[in-house]
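Presented sequentially are two complexes of subunit A, the first with subunit B as partner and the second with subunit C.
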Partner chain A sequence: MGAPKKSLPKALSSDDPEELARVPLQAVLLADSFTTKFRPITLERPKVLLPLVNVSMIEYALAWLESAGVEEVFVFCCAHAKQVTSYIENSQWRSQPNFTVTTIESHNSVSAGDALRLIYERNVIHGDFVLISGDTLSNMSLARALQDHKDRRKKDSNAVMTMIIKRSKPSSATHQSRLGTEELFMAIDPVTKQLLYYEENANHLKGTLSLDKMLLVDNSSITLHNDMQDCYIDICSPEVLSLFTDNFDYQHLRRHFVKGLLVDDIMGYKIFTHEIHSSYAARIENYRSYDTISKDIIQRWTYPLVPDILFPGNSPTRLDRQGMYRASEIQLSRSAKVGPLTVIGSSTVVGSNTTVVNSVIGKGCTIGSNVLIEGSYIWDNVIIEDGCELRHAIVCDGVIMKSGSRLEPGVVLSFKVVIGPNFVVPPYSKVSLHQQPTVEDSDEELEYADNSSDTIHSSTKGQVDKLNGGSSSDLSEMQQQSIPELGLGGMGYIWSICEGCHEEEWKHSVAPIPPEKLTEITRAIEDDLDIANMDRNAPASSGELKPDTQVDSEDDENEDSRDDSVYFEKEVEATFLRAVNENIKVDHVILEVNSLRLSYNMQSADCAGAIFYSMMRLASQLSHSTASELYKNVGSVVGKWRKLLKSYLPGKDEEIEVILKFEEICLESAKELSPLFTQILHFLYDKEILSEEAIQDWETEKADADESDKIFVKQAEKFLQWLREASEEEE
Partner chain B sequence: MPDVQSLVNEFILKLKKRKIEGSQANARQTAVLLRSVISQQRIPYTSQAAALIDAVRAVGQQLTAANPIELAVGNIVRRVLHIIREEDLSLTTGAIEGLNVSSVSDDDSDTDKDDNPGLSAAALAAAARSTLRPPSLQTLLEDLPDSSAIPHTSSSGDNSDGKSKSADKSTKSRKLKHDVIEAVNELIQDIDTCHDQIAEQAVEHIHHNEVILTLGSSKTVLEFLCAAKEKKRSFRVFVAEGAPRYQGHLLAKELVARGLQTTLITDSAVFAMISRVNMVIVGAHAVMANGGVIAPVGLNMVALAAQRHAVPFVVLAGCHKLCPLYPHNPEVLLNELRSPSELLDFGEFSDCMDFGYGTGTPLLHVVNPTFDYVPPKLVSLFITDIGGHNPSYMYRLIADYYSADDLVLQKKAASVN
Partner chain C sequence: MAMDFQVVVLAGGYSKNLAPLVSKEVPKALLPVANRPVLSYVLELLEQSNLKDLIVVVEGEDAALRVGGWISGAYVDRLHVEVAAVPEDIGTAGALRAIAHHLTAKDILVLSGDLVSDVSPGAVAAAHRRHDAVITAMLCSVPVSGLTEPGSAGGKDKSKKPGRYNIIGLDPSKQFLLHIATSAELEKDIRVQKSVVRAVGEMELRADLMDAHVYALKRSALLEILEQKDTFQSLKEDLLPYLVRSQLKSEIPVNGTPPGEENGNEKTGSNNNQILLSRILSNASKPEFHQLHELGHYGDTTRRTHKCCVYIASESKYCARLNTIQAFSDINRDVTGEANYLSGYTFSSHNNIIHPSVELGAKTTVGPHCMVGEGSQMGDKCSVKRSVIGRHCRIGFNVKIVNSVIMNHVTVGDGCSIHGSVICSNVQLQERVVLKDCQVGAGFVVVSGGEYKGESLAKKEK
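For the complex of A and B:
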């Protein structure tokens, strides 16, 4: 008899039906991610219907829910709701026994929060439910997590949510290169598994976390994790829906809801975590995770959701040696080289001398000879003519690549784009038949407002199609338009990459991280580590022998501190600018600057210098044409933020520091201020920011400096003299 | 019919999701499902057997497509098809005998149709002969021209049915179905009792003070060993743990609970221990027509070790595991690669698994096959529920259980569709 033993799973599954008999387990599947990471593809097709290893993402989610014992699923669709609904209508899920899929359409929801509020209004959820988004992939067994959740609920009715987490390596390079996500920090009570703190995108904190000290008072022990990955699978109680309704400003599940619950402590509701070990769970957030998760599927981590096992929505596929999956009825030329970890969909033709490595090719594609396909995802019915080269690209349905064209790493070709012969598409470019929407929504979550615009898009597209078919003049006109963009006969627009996200482009692309960026990341990590080590080592080494090493370490330290002060200055400036733009109260700014000062281990003199520096920068950046206008600007800025500056000027030394800094500014960064040096100095004196003694001390300090250093002393000679006379008079 | 279809669909889903574990459970459920398919199938007056065969074959195609690796499902489908053919034949011969007694009155009613009496008579005679004797290699060979003749002259089949219809149409239609269901019930019972049947033979194979080695866990092996224990044989068992699923641990626990002297070893220690072993007794996933065995991973190594030290390698297999197919490239085509997470934890290795740099090819590739193929020359003996057999005798057993027409379930499906 084969190895399998049924005693264990049987026991579990016999447990399940009893539990489920009372309340059928429900699930809410958000078939909309409310982000635009997958644009331009998502302009034409919703993200959940995009193929992942030749099967729509939503199939994986539904197959998992079904196998996990969920009986009723509500698919919430918003963008392209019609497409999702008709897909579900025609899928096999309609005919499943003991498993119903209901779609809920909405046209004005812009976030997960809106979706959950709508579901609450519908009043369809009666008990605990599983909340996932349609792009989640898992093979975990829910039985255990559900049981834990229910047990906790019995004891404490405030345990409203169980979040599934998974261990991953804590290095941020790994995070970056695997899923393109930032590091995530969590604080968890090791005994009860209660989630106490949740912080994603912790990068801007520069390695510091601030925990509420009440956490330490209330809990006897806390474990802090940076090695956990959020699977975005939650088991929720019905209260979660009403919480969303009560707090109508909650939009994002994690950023608002979880944090809100943790920070504001509403009604004492608690969130717990459940860690999975051997099973797989991940969410496709961007192109990078699309790439990674596809490869995980091919490597069978998601078993039994793998290509050669039939589940609704995929076609019979055979697994050959070295992870080659081949569907039926493919035509593979004898001389074609198909490397490991590839999937080839049914009725695809691959020509001679073509090399396919690490790639997924969909159904009905025609691939010519001498083509190189490496690390790419080619969807259905794509035509690739002879001699093309594709490296780490995503090619959507119906694309035609004319002979000799080339895709550089990171390219995304949206539906039905045509690439002209011998055209080279530059790296990281996104090409679509639609033009890039001109107004970029800056707020990430509210981006899916284009449900309405989507229909416009499709209608314009329809018009274009009509024009194409109708009058040849229009056609040629259009082709002429696009010739410069995509080569002869090419169709589509290359989306310009917005300035802000240019830096981010490599992070989230399908292409592997370029080596130089990777070294950058690892170096940054090493630097962090070095600094941390240095802080710890410095006192120890100075106490030890070996003068030469001591010198070395001091040098390093100086360098470090110089680096640090530069960073610190930048941070302070950013804080200050934000304060100015958002009109934050001076007290709050002081608080923030104080926290920065502590984290960088700086003196208040440094703070004063940095703040003064940022004030001057601001003043010189404000529009001015003449020196007097500039002076006025300085006056108004200093006048407004006097309190802030003053709070870091407890004594003479700090004031001198400010003057020295001022000198530095005038010399280096803002030369236009130098003629005004005396005037501003006087102004600062008038405003009681600088005291008489400080200025005089500065003068004496400068007395024995180089001639070149004395420019400003000389410039201020008159003022200084006046000061001296005034003090003498007083005496 | 619709509720049968839903039953079928449900079972297919289970097969697809690999929810049923163990070939015995799969075999039993398949038989039960086919029984309900047969009982629900509406039978036309003519060519009843063909209708049943078509229905069963249609379901069988779906089932085998759902999980091609689980050979037991296909085996049971073929067994049921074979049962239908046999029952049909025995009924037909019964009808012929009836015809021979009172042939004249029936014959003139459809003489106009009966334009080639010679051929049909020959076919009937062949059929009659074959049912009178137990099936053997010779009858199988004789069957071949017969079955190839049927498609050409379907009229002959119709004729025989036409005659029997006029003879005893009301009784036969009920009788065929009834007989088939009876036979399927017997089959289900066979599957249920196969462990006991195999275990009964234990005393003949296990002797006093012997050392038995096994790998992984198998219900059949457990029952076999326990049966010997109950017969007051005292012996020791070495259990290799069977990485990566470590089912050997479960088996060791069970054995100890039943009072057997047990030693648990790692898989890699098998070669070191084999010199002290008197006999290797293992279970199988499937037994192929050439006598090769599809078995849990690691068994090929054990078999090689056993051969090196001339230790008998005994495979226990219920009849439902007998597969009439010859293995072609079994290491790949009849294998299933399970999730690598059974070998190592994903989180621990996530940095090895990233594709984000370099050429995008991960350097670590984890392969977790479920089965091994043990070639027939390494197997000393098969013990099935009807006794012990040599590997070279397997094809004979298969000829007893399966009819040659049904060997290719899937290919016909492709040509029909």
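For the complex of A and C:
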């Protein structure tokens, strides 16, 4: 992979400041969202090529970059890379003056972090650059934000990134923005606009935000925001790329990079925000944002990126009254009612007595008579026969809906699906010709399960083969299988809604939130408030405890961190077990645990505790019938993973933590270990995992404890005494 | 001011953390600031706002007698003051609980008797009424105490601790109090309720404001909470944080209606709710966040809120509380220094006040920002800088007094040097005593040649 480095144009890498100043504005466009939100559609076509109001998403992104003065764009393609590359090759972007689009293909990147590391390796970025993902839509002017960024850089070379934000208050009921993204909490310095805290995907059960107290020592005032939306447009300095390379465990731009910089701030790197007020910027993150942004385009918030203004990739469309856009060569029946805020693509035929409201219909579609289309997105070459009903659905290219079939709100029909006559597709169903990937696959943070295939067709086959675990299933077989699923002559699989996301399905759907859900949510908010109040009030109102705020809030704090540490422990255990089963190298496990540690904001001691816990659990789960066999198990597990544990034991405090954890394990999760406590403690000492000082300090720490807490100190008394004597002798 | 406000001044008792400054004869309220009791500053401030009906609450019968005696002498025709004695160490909330039966007005204004300020309490009361708040707290800038002149000795006092008193969360209009962290909480990470940030959208957290312990309270709510939460001891540490925390899920009866009894209008309410909810979901322009939150609800329970407001004093105003020894020195210095308009005296052209009856020896200088009380005498070659000297003190030859407070009837022997210290009444310093950053309790005798630094000298109790 190092090869491309040499083939660099030498003129651009000059260090001369004059030369550098003339470096054209560059942008990196990630043509892969590294998520699976648009499955099943994205199994067949990359997200950036999906039509948004009849124009591929990437066109909006490129059109904006061009208008914002970017001269060189690197399109990073990963999933379906060939499709993206060939799309770019054949687009008008190749022939634009002063605007070059270069594609970079990668087949083994699984995250934005990988992408940026690869771009760093290629050494193509020479100055500040704009980083966006290919599903971003904006009409903002970059000049101001860029200037601010550069000015800040001059004063402080640590100001490596400027994040564009926009005011948008999430609904107080659903805790999500109108784009369907989770609510975001940020803390910003009101004067410098420096970003000080960033929390998305907040745990709703946790009623409080916890900010580092140092924030208010360094600044006399900070502003907490719940009313800002992250536009996912970043102006970055080249250091950002090297930071990703230095921290090879950074994957996600926000979860790892931003959080890493804010929390672990070792080098003092800073992120700043730039708020845009009147211009538009949004990212199509999920189906709900697809719906919202489509409507914004139709309502012209994104001007000049609207259907009736030509930009590369757009086809001529005329704007009629009430926000109706019509392309050329449309055949509309006289009795068809095409309502406001509707877009109809070229060569589309609409039959008699058909109603189309708040919807987008693509090119070359055939819509029969007496059809109702409401709030739906119908892509190209779709055939909808007479009497069908569609409400808040997305229908991809080549779908056939037989007469009288019906789509309930929230349905997504992927490419070429056929719905049998009079069949009713239940709400929130996702239908695809492909079977749902197995759970392990969807675990990966990939937009698409497979990205090496060249064409849609071969990808289809490869996909299915892979997903069925090698069992050959060709399309005809599939059709037969799926007949009962989608009615007579139907083609496709209804994906089962995955566990866990079942509850959330309505959140990210194109369909509006049903009223009964709202009732449910508001009730949940009440509880939420209760929690928020309860955890601090309970002691005071019960009258049993003194209203000592210190005691209260400490309890409170423990409560929260306990939550976190329980999840953390579970994740570490899962990682560890996987490492054991798949025989993963210790170094890799350390990497994984480190990234967990980062995302949960844990200390070394927590890691050590969690790993030790996982080891003991494993040992006690391995088959054994006697205590000595169990001890042997412990010995072999500890022996094998000693290095892993040791890497989280930099000092005495962490070692003490392990002993305390061990006590807890013996008392709670693996009681059978408790008779072996001393033996194992001795073993850990012999293996130089625990130091003499740590064990002695533990004993001292326990000196004032309750009798019930001293069981293990007593059990280990002889060993402790031996230790003491040994150390005295040495002296 | 015709507002229906009842004023309660919490004057404390023999505050232990002010030992050895307070004594049996001098409870906290009577500690001198520029040679008059600290309590007089609050009383005159209230008088200026035309708030003349006061209850002064003093901890301990004995202290109450002394405070009451002084008030009736000093304010006989000016104020209508009732002095109430409450048991010691029951806290500020406890004190209000103890005098609850005296509270009759719709709103109560509670001030601390150790406040030295020129912020109008009337303005706090007005802000409270304007918002129909449950509580309105006065906030002031964290004191930049000490001297502003560069290179002065007072500067080093500040270096001890950067002023951190509270962490305060405000809405963008800076009218509502959304978060408050006090004392012990300040040492920990800042924990903010998400529900409040959600309701408001934007919250400003500030460390440069402090709760000045001036509160306007709705009486009905106050009494209800004092009764229900019988473990609440402090207004500042318990009651205020509780009200702030629970503002979006109020447990306080509105105008005396206990919770659960105002369900009469629920049906119409739920209709409004639907309309308002749709407005919330469509991100329409927002009314006040409390209202929004109250109505932005969709179900069978009624959500109630109450308002916690703030009155933020202008940065140019002076505001300090005499609750530590450090504060005692700082306030005395300020009131004779740059905040001398608070003292009520007219300063001389040398920017000091020397009572006409004072006798100064030859070559004795009294610098600017000093005060020497009635009947005091000083020997030759003395030097007094930035200090307050009380009444009838006898000061010998060649004495240096810098940055100190000397109360009444103090005898200072020849050649003494007093820096940054507080000398209480009837103390006797024999010759050549050197004191630096010391407090000497009432009636104590420091024998000649004694040198002390940073010590508290006092007679053994009883």
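Heads up, the rule we're going with is that the second predicted complex is superposed on the first by the 452 of 731 C-alpha atoms of A that agree within 3 Å, B and C clash if a C-alpha of one lies under 4 Å from a C-alpha of the other, contacts with A are read in each partner's own complex, and residues count from 1 in each chain.
Rule of thumb we're sticking to: a contact is a pair of C-beta atoms (placed from the backbone, for glycine too) under 8 Å apart; a residue touches a chain by one contact, two chains touch by 3 or more.
As the structure is a prediction and not an experimental result, all values here were calculated from the model.
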Contacts of A:K213 with subunit B and subunit C, given as first, second, both or neither: second
First, second, both or neither for A:S168, with subunit B first and subunit C second: both
Touched partner set for A:Q621, first subunit B, second subunit C, both or neither: neither
First, second, both or neither for A:T302, with subunit B first and subunit C second: first
Which of subunit B and subunit C A:Q721 touches, first, second, both or neither: neither
Which of subunit B and subunit C A:H277 touches, first, second, both or neither: first
Which of subunit B and subunit C A:L224 touches, first, second, both or neither: second
On subunit A, positions contacted by subunit B and by subunit C: 168-169, 171, 178, 227, 513, 518
Subunit B-touching residues of subunit A, taken from the complex the two chains share: 1-7, 9, 67, 95-97, 139, 166-169, 171, 174, 176-178, 180, 227, 229, 277-280, 288, 291-292, 295-296, 299-304, 309-311, 316, 318-321, 323, 340-341, 357-358, 374-375, 392, 511-513, 515, 518
Contacting residues of subunit A [partner subunit C, same complex]: 168-173, 175, 178, 183, 185, 187, 190, 202, 206-213, 215-217, 219-227, 513, 518-519, 521-523, 525-526, 528-530, 532-533, 536-537, 540-541, 543, 545-547, 549-550, 553, 556-557
Subunit A-facing residues of subunit B, complex: 6, 9-10, 13, 16-25, 65-66, 216-221, 242, 245, 247, 250, 283-285, 295-297, 316-318, 321, 332-333, 337-342, 345-348, 350-351, 353-362, 365-366, 368, 370-371
Residues on subunit C engaged by subunit A in the complex (per definition of touch): 162, 164, 167, 169, 182-195, 197-208, 228-233, 237-238, 241-242, 245-246, 248-249, 277, 280-281, 283, 286, 292-293, 296-299, 301, 303
